[in-house]
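Below: a set of structures, written as structure tokens.
In the two complexes below, chain A is the common chain; its partner is chain B in one and chain C in the other.
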Partner chain A sequence: MSVSASPSQPVSLLGGFTPELFAAHLAGVAHLPAWWLDRKRAAYERFASLPLPKRTDEAWRFATLTGLTLDGYVRPAAVPAGRLGHVPVGVAKSGRLVFANNRLVAREQVAAALAERGVVFGTIQEALRTHGDLVKAHLLAQPSPLGSEKFTALHTALLEDGAFIYVPRGVELPAPLAIYHYAQGAQSAVFPHTLVIAEEGSSATVVDCFRSADAQRHFACGQNDLHAGHGARLTYVAAQTWSRETLSFQFNSTIARRDAAVQSLNLHLGGRQSRHESHSQLQAPGAHTEMLGLTVAHGTQEFDQRTLQIHQAPNTSSNLLYKNALLDQSKTIFSGLIVVDPDAQKTDAYQGNRNLMLSDDAEANSLPGLEIQANDVRCTHGATSSRIDPEQEFYLRTRGIRQADADELLTFGFFEEVLSKLASEPLHDAFRDLIKAKFRAAPRPADHQH
Partner chain B sequence: MSQLDIKDLHVSIGEKAIVKGLTLTVRSGEVHAIMGPNGTGKSTLAKAVAGHPSYTITSGDVLLDGRSILVMEPDERARAGLFLAFQYPSEIPGVSIANFLRAAVQARMGEGEELDAAAYYKRLYSKMDLLKMDRKFTSRAINDGFSGGEKKRCEILQMAMLEPKFALMDETDSGLDIDALRIVADGVNALRSTNLGVLMITHYQRLLGYIVPDHVHVMWDGRIVKSGDKSLALELEAKGYDWVKTELVPA
Partner chain C sequence: MSQSPTTDTLPPTAGDAAANAVQGIDQAAGNFSYKMDYAFDAGTGLTEDTIRYISSVKKEAPWILEFRLNALKQFRAKPMPTHWATKDLENINFDKIRYYLAQGQKPKRTWDEVPDDIKKTFERLGIPEQERKFLAGVEAQFDSEAAYSNVKDLVAKQGVIFLNSSEALREHPDLFRKFFGKVIPTGDNKFSALNSAVFSGGSFIYVPKGVKVSHPLQAYFRINAENFGQFERTLIIADEGAELTYMEGCTAPKFSTSTLHSAVVELVALKGAKIQYITVQNWANNVFNLVTKRGVAHEEAEIKWIDCNIGSRLTMKYPGVVLKGRKARGEVISIALANDGQHQDTGAKMIHAADETTSNIVAKSISVGQGRSTYRGVVHIPKHLKGCKNNTECDALLINTNSRTDTYPAITVRGDANSVQHEASVSKVSEEQIFYMQQRGLTEGQAMSLSVNGFVNDLATQFPMEYSVELKRLIDLEMEGSVG
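Up next, the complex of A and B:
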């Protein structure tokens, strides 16, 4: 199929991501090994030839397809040093990387003692030079089975730089590594990436923050690749606070090897329309993944979450809990699938989606699913939508707490089941504060006080 | 000196009339007990006065220091000085007692006024000591997985922290073993003062052995049919509710 379609069509397929933009991108990337250039070219071809999602695509059921237009986005200019109003997340950390418009703008290295033990906390651009084989083996190396192949191809094609984290065998990081990805300027298109390789018996916590430096319309198409080796313990938490005009895609690919434990928590607050896909592969016995999600949807925001837990080996366990609070005319979609391969006996898998409806005009869609090919497994799933319990609300109000405050307490109570799974108290508090800030910024529901 | 006046109160749930013309005055420093069999409208009275949205007041009035509270939202009534100790307190997972009580204390403060956290915790811990509650309690979610005794102690703790003018205590003794009952009663007795009026709702005389009332009222079919001093509770215990039915209720 030809990439340069008829003149009446190309806008819908490519939007602003024209061959000229791709060429300019390639010209602007400092280090481009042949294998990476080949992959990028192939990815761009795939992006350009694949159609946009259609109404009949099961993987896009309930999604607002008219919101997915790619028109008008541009390759953003570099952000001058010191021009970013960066505010750290407020958690003690082992190191920090700040990207703005796809380029590194600030960094705080890990302690020399960690670097001496082989810990690498740097950029993908650097790692392509210093750890080329590792990058080649792990960067965007997994399939994209959840419906967004066009957009993951675009991510591969236009990925310029991102975070590269390598934790060698047996090394435990004492504090989280923090990464910030900013978008700035009208129509800016950003392609954040975080690649984490945690080797055998290592442990690390990574905090990924997705932010807009202004209230402009942005396009964000990011991915994180998480690889947990034998017995590794990896915690990945992400806070998405893009501008309310942003179209966001965020893809996750997690590999858990023997006895590895991966916990991920994605907090979704920003964006106009945000799609999150999480693909988790439990590849060897004893592997465990915990996938957590929290969403606060205001106004006309749409959050679309698609998950896949694949159990490929016996004695693996996974636990997924996505909780959404919906206000105003917002919309959420949760579609989850647990797949158990034929020889993955003794699989223990859970998938839960809970929606708290704080408005009669909001819409929560839930599509849980199981596909089990082994016979000795325990797989359960559940999806519920509920409102504020009037008895609980009354109880709080009889203590003098105003209705809006009572509802906020109850909403935080609803989230606490997820937040309390974070072992780090400062992270727990930082995430609570982010949610609180969103409630404060949004108009509160009518409070019937005199 | 405060006064709570319940005047010819009629309360319905849906179409069904439950409280059918009840009049009662409680003053600061007094402890009143309302006794009566199940289904006679005692709990409905308490919830209606506290402002539960499912209960409709069809006529009559409730005045706090001469001002009707019926136009007030439940939280306004609470801030005006009313407290309801629930028979079945709600379980609220994910909301810690510390955060909850803090919000309740904060709600009573003026705009822009900051809570003194150190003073708050000092006061909270002293009240918990009084109720023999472990300090770990504050980090637990409200009533989530609590025993019956823990729930009732938690109610009294809230009452101690919020210092109401009037407390409506709905079957505070239900579900308590004798040790828990003693702790709860000691807690209430410690809060008894000239600034607090108490309306205790109970099915059994047992509680009144621990919290001695100044006035006892017998409730039957939505009305008070007899009032007296603490000896009325003993008489009722001795004669049973059949006595109320045959002797006190007008045919």
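Up next, the complex of A and C:
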């Protein structure tokens, strides 16, 4: 760990992700087709040569760059089966995969009836053998253009395993597929990946859970690729509860084809500093995406969320709503951009960012952007930052509800606008409980004196 | 240094422009030019010698020369802001720009004293006979120097100082120096540094305590030499409880190579003062208009920028207010119209620095043809302030299928005792409205023009009468040929 093998390369550019670590990673990956090896090598070169984000990078405006050092992280050891204190998310599932430190540790297959109809719910390692062409076509096919080129390159270079989901034409999954990605052990670096291909007219719900198995300092750099074919309906929900010491990057890439509808909801609760980039492409008429985000930030946590909605075809629609609740000295950044390409007439796009300020020391930054190159469109955005509405609070207090309870009610009301968009009630409840748990664990917001 | 007077000016082109029968508008109205003689010319390019020349011609005190030379160093050290701004900035050739030109005449006092040449200019601007009287009270900047001014005498009775900045530096050096460069430091950005190095002309206004200036003070600016940049510097101070409205309008002839206009405007509103600053900008389509405008509002003071951008190739201008005193209020009303080949990159900055400060931004833009309009804004509410509020609304109207608009606000709020809201929308002219008006006998072009004027109407009515009339004419002019 101490010295990089190539002294010409400043250590800070690589941190713990040295050529030795990369070599050890390649040696440890069971299945490595030539195309994938080539891509990984090129990605590692790119990672090593790209600088860390600078203060003048618009894509990193307002972010705390000093927190992005890569030093000290290691390729973690395998977690022995049974050593993981796994707790399920608490919803009925069609299948389950549990990864710890980049390796599969437990699984629950999909029902035989679904497998017979061609549903694949397995690992990327398996899929490289059984569905090589599909993986090649879709894995990391849409690089994030939102500023994290260095970190997405690192993800490609060090991606070991993840979930591969293939839903054939017309198949509808009755219950969600759940994937858990754990990091365990000091300085562990994990690279979670979830690849979802939903073919024409299919329907699926995928739940990604990002968790730390202990309170150690972790490094997480994950990505998911969502591909919704013609008329497919895809729901993707993610719950990020990394340890409070974790530096986290998560990249979403969504493609919606003709008449496809993709809903994604990202819940951000954990991590010391978390960057989330979500990139949604509406490629054909009738495509619709809904991008939802919920963040509860406390202590000195920083959540940096960057989104991009690209309307590439006429008659597409997208709807984005990111809500952040800020306690203590926490900080959030929301930077969103709606892009309407020159021919994408009849686009209907919305982008909303709401920040609930629950502390006098918290900081919320909003950068809601639009780039419109077609005239027959309806594009709006709104951003607000304010505390709990004193009138609503007063009303509840006149009904005899204590201040703290009133604030909690109103805060959950704030989240409910997003949570209620989840069609699945068990999922809605599970996510609400996660938020509640975080609020209960965090010190309560100080009572306001009136 | 002094080169022979610039000569290559274009002949008037009014004759070959097609008059618009319906609107009665001469499309070449802004397209004028005539031969000029310059007594002072700093030549092209920017060196220390250029600056020494400007300073000596203006007979400036040593501290000003030092200030200019320091600014030149900062200008050279600063990179172009192309990491966020348009790459078009790289097309500015600083070596081909004339940084100082003047006829050397003293500022004039009465209409009779105004040279015939300049009167001719105003005639060509299409200013009606009735407004001539009004114009007599105008502080007009002709190229680098103020050409005449007589509203000065009128307001002087109220104790108001209204000079061009060169005069003010000579006559009121202490007052000038106290506020100069304090709102916008030299190194604020590359172009404020450039202005600080080569500034000339612009207005200096001081309104004493409690004085409410009876007449709006007004200045016309124009550029009349090829490759000639105009770098006026305006400083307005409203003392406690004072009130003032200032208006500037810009016109420029069309030239084949790009010119640069880079002004710095600083406003100081002391306790309880009110300043309203109105701009109608209609530079020719080859002008880079890169302007830094900022005001500081002290306790219970109010600064309002009304900013309308119609001309230029590229305008980058984000009028700002630093809300420094409790209950200070800042407002920016912005209208931008971008036609083919134009990029209006405008917006507002609101920096809250005291409790209970409020700010309001309303921006409307219209993109015609391949025009591009951009809203860029900053709202900043730092730590531990109470009761601060900001409201921002941006609406963009896209006329043609390939028109473009962007919105890039940046909002930072700290603490739980403030509230900020931002809303933006993008739309096109309602087909139903156009259809309805065509039913009533209007042509499509007239209907479009009416509709666009309706879009900005609630803001346009905040302009003084003659400006809103001018604005309406300019919109009519711009909407011609945008349909069909």
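Things worth noting here:
FYI, the second predicted complex is superposed on the first by the 436 of 450 C-alpha atoms of A that agree within 3 Å, B and C clash if a C-alpha of one lies under 4 Å from a C-alpha of the other, contacts with A are read in each partner's own complex, and residues count from 1 in each chain.
Going forward, a residue touches a chain if its C-beta (ideal position, glycine included) is under 8 Å from a C-beta of that chain, and two chains touch if they have at least 3 such contacts.
Bear in mind the structure is a predicted one, so any value in this text is a computation, not a measurement.
In the superposition on chain A, A:Ala362 makes contact with chain C only, while chain B stays out of contact range. Of the two partner chains placed by the overlay, neither chain B nor chain C lies in contact with A:Leu134. By the touch criterion stated above, A:Ser386 is placed in contact with chain C alone, chain B being left untouched. By the document's definition of touching, neither partner reaches A:Leu50: not chain B, not chain C. When the shared chain is aligned, chain C comes close enough to touch A:Gln373, but chain B does not.
When both complexes are overlaid on chain A, the residue A:Leu396 reaches chain B alone and has no touch with chain C. When the two complexes are overlaid on their common chain A, residue A:Val171 makes contact with neither chain B nor chain C. Of the two partners chain B and chain C, it is C that touches the larger number of chain A residues.
Under the contact criterion defined above, no residue of chain A touches both chain B in one complex and chain C in the other.
Residues 56-58, 61-62, 342, 345, 355, 357-387 of chain A are the ones touching chain C in the complex.
Taken together, the chain A residues at the contact with chain B in this complex read 389-392, 394-403, 405-406, 409-410, 412-417, 420, 448-450.
On the chain B side of its complex with chain A, the touching residues are 50-53, 72-79, 82-84, 86, 89-90, 92-95, 99-101, 103-104, 107-108, 141, 158, 162. For chain C in complex with chain A, the residues that touch the partner chain are 83-84, 367, 383-384, 396, 398-428.
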